[in-house]
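Input: structures, listed below.
In the two assemblies presented below, subunit A is common to both, partnered first by subunit B and then by subunit C.
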Partner chain A sequence: MSIALRDKLMLMVAVLLAAVYLFPLYWMYVTALKTGSAMFASPPSFWPSDPQWSIYGSVWESRNVGRYLWNSFVIASGAVSLIVILGTGCAYVLARYRNAWVDVGLFLILMLQVLPASLMITPIFVGFSQLGLLDYPRVAVILAIAAKSMPFFVVLVRAAFMSVPMELEEAALVDGNSRFGAFFHIVLPLARNGILVSAILIFMQAFGEFVYSKSMIQAIEYQPASVGLNSFMGPNTNEWNNIMAYAAMYVTPILAIFVLLQRRIVSGLTSGALK
Partner chain B sequence: MRRLLLSIRDGRGFDIGLVSVPLIFLFAMAGLPLIYNIVMSFQEVDMFSLGTFARPFVGFKNYITLFSQPETWPILGNTAIFVVASIAGQFTIGFALALFFWTGFPGSSWLRGLFLVSWVMPGLVVGAIWNWILSGDFGVLNFLLKESGLVAANIFWRSDPNFSLWAVVIANIWLGISFNMILLSVGLSAIPQDLYEAAELDGANVVQRFYTITLPMMRSSIGALVALGLIFTLQQFDLFAAITAGGPNNSSNVAQYWAWDLSFRQYDFAQGATISVIMIVFVMFASVVYVRSTRHEVRG
Partner chain C sequence: MTLHQIELSGVNKYYGAYHALRDIDLKIRKGSFVALVGPSGCGKSTLLRSLAGLESISAGDLVIAGTRMNGVPPRKRDLAMVFQSYALYPHMTVEENLTYSLRMRGVGKEEARRKAEEVATTTGLSALLGRYPRELSGGQRQRVAMSRAIIRNPKAFLFDEPLSNLDAALRVHMRKEIRALHDRLGATSVYVTHDQVEAMTMADHVVVMRQGVIEQQGAPLELYDRPANQFVAGFIGSPAMNFVPAQVGADGRSVVLDLGTPHTVALAKSLEAGRVLIVGIRPEHLQLAGEADAGLRLPVGSVESTGAATYVTTATQPELVVVLNSRVSIRPGETLPLHLDPAHLHLFDRETQIRLA
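For the complex of A and B:
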């Protein structure tokens, strides 16, 4: 078998595997376009013969999707801003030094990364309600998400800082820069891409966050899209085309970012994930 | 005062300032709740004492109550099944895919990256899609299973107590495959190629090369990945909320969902805190294994 033929065959198998794997996504988009009766047809059709494009408009209106997505956006942006402001400096210091203290710090941060949100929410909720933070539910969720995701960000960005040669910073210091100046003018610009990719990853995670929002945000007008989707899916629902349309509107922006930045996201993840 | 300012601008104070603010934040937002959780598990907490710190201490009463409940052991058993089945499925399929893409052909890295799409999707969306795919009467999975002759009648994935846990396991395996595959690919690409060339010259076949080179060289990656898988599976909450909500009759309930359910559905915060403490000890143990197996990489 020649190399070219082998490559083609492998590529075909790979495309097939990817198609099988991504079938659930495809099924979401197809179901969203089906009519109420086509959805429950047996055998199910794998191609929408009569696509109902108007479903997006009607679900957007009736479920207030715009408001939910806006809340998700506000929560994710707040959490990411807080994480980037606090976490970048932390990652820089942890990357610049190698001693026992750094090891202890890294160990503690890795430990915090593993605490499941659904277990931490009980003390956070009780504590926040005693502090009166629950009167500002979105702020409370932003703080909780920031604490949950910052360790992951620090680990990823630390890897980005490690790839910046220390000699550049030392040269800047010799040339009369202060530590402050060298950090902001030399090191930070060089690590910018790594920080940006990590921030996008954290944003996508925070955009889909559920446990904290579900537990701490009672007022419907502050709830993010994940909680909205959860309350849309009752135990005996049969509006699957509407639910899938909601899910598609929720997930499509994230998928678009992912496809655009795929190469960087994958390399960013793999550079830091095992470290 | 001036010396302090100077130090913050240009000296040790700069590093200490950068690292201490986030650490204080993390301590306040993650460390204190952790301690508070342990304290609450030894207290009597109800809706009336929720707002005060001065609650009566009851010793190990919460723990004793917890283990005298009839549903405790089945739920802990479910958690074990969920973790073991999810990790086994994710790891096997992920490893097979990683080995497949590792052979390298035009477009392989791009297609491999496409799999990661499941990792960035909101958990609730994944849950909603699988909820619909696993639907009893009209679910597409039942249709495919019946057409291929694997089952004779529809399986009611979400409402049959024998299958409800497996419904979540299936969705969780789908979710976790991509992460396993990418991390294993990283490990595979770090194996020096000349080992294989030498083994091939010595006449080792594909299976022998896999068992004598690939597996031993991957040992630390695999150890880290299994520990990481354990950590991530114990964090899985969204799929339970979206697919079965722990039901029917706790048949698909696991500890991390139960803890939340006790606190926020039944308002029994003390019991919720108690089960949280027990599970967090487990997770901490897994993370020590994880950190140990990647320690040489942590030191960089």
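For the complex of A and C:
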């Protein structure tokens, strides 16, 4: 088989896989625009004949989507801020000091990554309830998400710090800076991309978080969009177009961030490889 | 004030159970150029980093310009260091790299810029001040690293193998340039290298280290002419000194070299008869002799000529390397008549490997 033919074949496979992968997303956008009868038509049509653009306005109003998105935003930003402030220092220490205890710490951190949220929620719920934290449900969820996503952040940012040569810091020390000064002047700017990318990934994760929010936030005015979407769907739901419109409004901002920053995100994830 | 810019006495350094520096005593005169040289892992870099404050010493005293510096953080030691990898700040321009230490010391913007331009002029970097390190060649980066060190007037310069990343021609050139810079600034420099040629050509004072111990220190030619032990003798000089097991003859005035077959050569002074030794002979001290006055006749193993010199390896056990500064037509298998001045023999005890006085 010639090289050109093989390349064409590989490209076709890639396009096919991408199509399969992206189909649900496409179906979401298309269904949101369909009328009630078009939605249930058999065989289904892949393109809305009479797109209902007004659905976005009416769903936004009736379901109070603005408030849900705002809550998601508050929770995600809070969790990311907490993680960045606490996790950066942690990752730096784990990157710079090498001994048996650090290895044990790193192992435990990776272990934490493995535990699923649905397992963790019961002890967290009981603990938070005894501390009275459930009276501030969004704070409680921020803490829980921060605890869950911290390991992921620490592991990624540690790699970013390790790609900054120790000698640069030493040069800064000899040049007259303190340990702290060298960290903020030299190491932090050089690891900035890695930290930024990790923070964005965590933000997107936290923006879609469901288990903790669903369990800990009873009051509807504090619930994030993920819980709102869930409460939209009951056992007898048939307003799929409204649900899809809601989902589209929820997902599009995240997609936009990812598309805009994807070059940076990919390069940040592999930045450890180059000097 | 003391004459010595840096004084180390009884310095020891442990990494856990590993004893990296053992009882280091070293006095570095103000304005001198000192080279720390030795094979990798000998502790020379650890010693330099201890001077800089990047490593703490476990025992002993470190005095810089009359002040005890044990435990003082690097920024308060007022030393400048050039790293092997140059350690230029990648996110700063050349000018920002140069002025970083000045800004850390609260020098004003205008003043810092003026100094950067001044230094850049002397090191030929004027046109590159706005560039980033990644846009420079290896040699240019090296210059930036040097300039960053000389922009302030530190108490001493520390060099950690600064030339090892350059190609051979540039290395020879930068050797001279660094030495010239040192002389012009009247600075005190400590220079770490594993290359004994660098140490010999650049330094006033060479410190040879092995396994955390200073084996010998002194002027370069002193080390070359009177190595204190077999290690220093073999480390200093290229091609390396020949070592031959030997025994003092019955008369005490000659020594029998064991080159597979015994060869007797005269000694400059008398020694205890029958004593076993190692005899060191520098390759250039074996010179071609006429048939009549040849003290040593050795079979030729291989001949290599560089044009300027001829390297002959003898077919003996152990092999001897002979450097002849003339073009000679010798072929392997022939016998080479050689002359050897007894004053040029280096005698070492076979057990302790220490030089016999």
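The rule is simple: the second predicted complex is superposed on the first by the 253 of 275 C-alpha atoms of A that agree within 3 Å, B and C clash if a C-alpha of one lies under 4 Å from a C-alpha of the other, contacts with A are read in each partner's own complex, and residues count from 1 in each chain.
One rule holds for everything that comes next: contacts are C-beta pairs under 8 Å (C-beta built on N, C-alpha and C of every residue); 3 or more make two chains touch, one makes a residue touch a chain.
Just so it is clear, the structure is predicted and the values come from calculations on it, not from any experiment.
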Room on subunit A for both subunit B and subunit C (clash or fit): fit
Computed vertex angle (subunit A) for partners subunit B and subunit C, CA, steps of 10°: 90
Contacts of A:172 with subunit B and subunit C, given as first, second, both or neither: second
Subunit B versus subunit C as contact partner of A:51, first or second or both or neither: neither
Partner chain(s) touched by A:253 [first = subunit B, second = subunit C, both, neither]: neither
Touching partner for A:180 - first (subunit B), second (subunit C), both, neither: first
First (subunit B), second (subunit C), both or neither touched by A:94: first
A:144 touches, of subunit B and subunit C: first, second, both or neither? first
Partner contacting more residues of subunit A (subunit B vs subunit C): B
After fitting on chain A: smallest Cα gap, subunit B-subunit C, Å: 8
Subunit B and subunit C footprints on subunit A, overlapping residues: 178
Subunit B residues within the subunit A interface of the complex: 8-11, 14-15, 17-19, 21-23, 25-26, 29-34, 36-37, 40, 45, 50-53, 97, 100-101, 103, 105-108, 110-126, 128-133, 135, 137-138, 140, 143, 147, 174, 177-178, 182-183, 185-187, 221, 224, 231, 234-235, 237-238, 241-242, 245, 256-257, 259-260, 263-264, 269, 272-273, 275-276, 279-280, 283-284, 286-287, 290-291, 294, 297-300
In the complex, subunit A residues that touch subunit C: 165, 167-168, 170-178, 181, 186, 189-190
Touch list for subunit A against partner subunit B, complex: 6-7, 10-11, 13-15, 17-18, 21-22, 24-25, 27-28, 31, 39-40, 42-44, 86-87, 89-90, 92-94, 96-98, 103, 105-127, 129-130, 143-144, 146-148, 150-151, 154, 162, 178-180, 183, 201, 204-205, 207-211, 214-215, 225-226, 229-230, 233, 235, 240, 243-244, 247, 250-251, 254-255, 258, 262-263, 265-266, 269-270, 273-275
Interfacial residue positions of subunit C with respect to subunit A in the complex: 52-54, 73-75, 77, 79-81, 83-85, 87-91, 100-101, 104-105, 148, 158
